[in-house]
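Chain naming follows the written order as A, B, C and D, and within any one chain the residues start at number 1.
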């Protein structure tokens, strides 16, 4: 692995026009904007990036642009979201070939739901298909499955599985994982988490939608955690928290895209049938962003 | 619309080799076998056909083969399963161009879940993208959304939306739909249903996995219902029911594929991470098939 | 067992004043009204009767009054709803001592949820505590457990377990039960069911809230089923169905109580925190009742 | 209010013999044992105390004994678990009359589920029925409802509602509550929480089952938090965490009761249909307790 992954990794949105075509220049601008703001890595094609909704040609182009525009300044960890093992294996290999530093492996489900043996086999095969680092992704609220601690232990036998991006919001589960696996599997927190607490548990970073909108404040939070200034970090977290609340009330991609539009990036709306943020939601996100700017930089 | 859809429509499985490539000849053989058995239509790329798991090139080839091999002998209604509205619109149009008689429109979900307005907009746009008949599909157990009766009423304003394939197993919901919409929206029952009761409610057919394995008995059941011999039909239904039970206990595609292998069609296993039927499951399905043969043809 | 239970058994509501005290005379009037209308049995203290919400002294008084006022004209099957096995055993014995003809055994849950062994042990002990007939009750939507077919088979070894009141609305599950257990366990349908289909499957009766409001029509439906006039029965069912829809949309006890108030029985509101029916709900129930009167007796 | 509630409040189990009768002396012994160990309060009749399963005479006797034996040495906060508002109001008043310092108000549900207005009305009426302090309890996993932040704000208008015992395990929800309500509503963490993080968020105590078994270690954890030694507290938390894991895997009352039996308190098994801890569970709990003793006092 070229990089140790740590710090703030915004989930890049995928800028789309009304016909669902990629707005390439907007994506380039966003990459440069976030790197200039100091983020430690970029994560295109996660949930916020609508990785589950896009076809492969669009996803391929997103990866090419992000890798090219980043030009090695920060690591790029691209989402691979595929319902089948052969599909995920193929997509992972192609993604690696495009020059990413790591892969965020997402297993969505239709039905039937996979049991732990199927989960284990799936991610093991994906890991073995590439040499780059793998971040395992789990979001039990939507995919209706979750890694057991035992499955994670087993997956840790694969050298290139190094990270877990857990979107459960369940801090007790993370406590169980870290007391069992120690530092072998590094944890990234998610939008649903209170990241300060994940950092206290040894978490190495924060992959999340909000960091697209408030990269500087997210980095400041990370720095406080890195220096183990836990109480100050928690104070800062409290200032940023209303954004998480808005994101959970309205919906992730819609919120981040609407917020970026307010900041001057014409990223468009999420792909239908996902909804554009409602007027009420826009006002809520706008108010929270305004408030965070004032408080954090005031 | 060229055909009124009615009768037994087996959900065709998609024969795959161990690398996940389509076994074209097996699919052709299966088409001919089922038409020879007397089925009234064919439904490739439904849930049993792994429509949610296959990529477009494979799906396209499945449709081409089924349409070509059927050669107009029975109507072909192909599944269109796509997470986005633009994707579904495009895939529906391409599917129609391949010569199908109808489309079974499936909306799987990642997250966020769609509300009724989003559901309405999605299916309306899919319907308007084609001239052929549309069968709406809902499976609330897995997709976590369902049509309200009001949404179905609204969708009935689209001339080519003619059918509902309801996989909820909820006969009360069907009662509400038929008492509200009468014969405007024709109902197909599913594996989870007791089809005799759906036929009593005015249902026009049965789209299901079991009909791949027991086409003649499924047709006999339909004939009894067509003649309104309800008590005889229910007696016959009781003989076939253990197959539904096995299918719900084990899993649909795995069961149908294993049963077809027993009948001499090398259709392979479902795509990973879906599981091949367990030995215990194979025995259960084998025993039930044996029993049904003996009773129904004895 | 003194009686074979069969036919229409309205779930009696429990008339309460604003302080939650039993209105004894209203309960007596309701008993006489329903028996005069021709119902085949009475079921106090089911879900509609708020059996889960009332304390034992109130429940005891309800049973005494219903038994006394019924005076043997029809069988009385009283609900026993208790979270513990010792509590249910004691309450069942006391209920039997009050002179009922049968017990409807309900197992609500707090947490943890019981597994099949615990379910089996619980109902077996309740059955062994009494000599009268036991109707097993299951409502998996609310209690988060359900009988497996195997558990029901095991429970059928107890001579006095004769009936299953299934409120799942899942007709496929009933099909599995009746194809496995035949006539050993007799089925009562519930508000969530389309009773005509349960009668076709061999069901012996309908225990439900609606029968409090439309006893004559419910009896007419039963008679058509008894005569195996299935298509006429289904036509009649369609006329009554909107009441089931209203009951599922609003809530059961609130709907039945509001409807009875309209019919001149001052039964009061359900115990808080349950809600009185909203104005909108009252209008819906009132309209449906009016319509049913006109159509069915017109 | 006589006391500010803060610190470690073990959820007392209810010692029962095989007939379900209270073992009074064992309860007295347990009270003295825990007070001698230094706990800051006692909470009989919570979930671990089977408050939902016991009848009022038993609950009344439990409260009398705990109040009498405690004799004012620490505050006693007794659970009031009742499905109805009138029942909860009556039970709260009677509980206060028995001399408790506070009430933990639990609203279990049968069906229908309450909306926020019903939740608000219920707890407001319970609060107005007593003068002592009220701790609101929520366990959305089992009761299928939860307080919205807005409902909590409204409930804070009642002077004697001072605390929230949140068993959701959802640290993000607590973050939302504390950033909105500040110190007006004091938080107690639960077995499902990582209490160190709740203390960082301003939590005042830990009401939980494990503290029955490891009171000294729980108190040591609290002391570290009180001194804001967060990293040391988290190290200690990691040592205790396997007990939480065992409690969530097996079940709460069964685990605590089995562990107390190992420690010499013959508290019996939970009331059927709840299960006695399995042999495997006993071994797990025994091993964890042994390990904690060695590590924490070693």
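Note that in this section a residue touches a chain if its C-beta (ideal position, glycine included) is under 8 Å from a C-beta of that chain, and two chains touch if they have at least 3 such contacts.
Keep in mind that what you see is a predicted model, and the values were worked out from it rather than measured.
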Subject >> Far-end chain from chain B, centres as C-alpha averages >> reply: D
Original post:
If you average the CA atoms of chain B and of chain C, how far apart do the two points sit, in angstrom?
Top reply: 36
Subject >> Where chain A and chain C are represented by their mean Cα positions, the distance between them in whole Å >> reply: 51
Original post:
How would one label the connectivity among the chains shown: line, ring, star, complete, or other?
Top reply: ring
**OP:** Provide the residue numbers of chain A that touch chain B in the complex, in ascending order.
**Re:** 19-20, 47, 52-53, 55, 83-87, 107-108, 110-112, 114-115, 118-119, 121-122, 125, 139, 141-142, 251-252, 271-275
Original post:
Which of the residues in chain B come into contact with chain C in the complex?
Top reply: 169-172, 175-176, 178-179, 192-194, 197, 200-201, 228, 230-231, 234, 237-238, 241-242, 244-245, 248
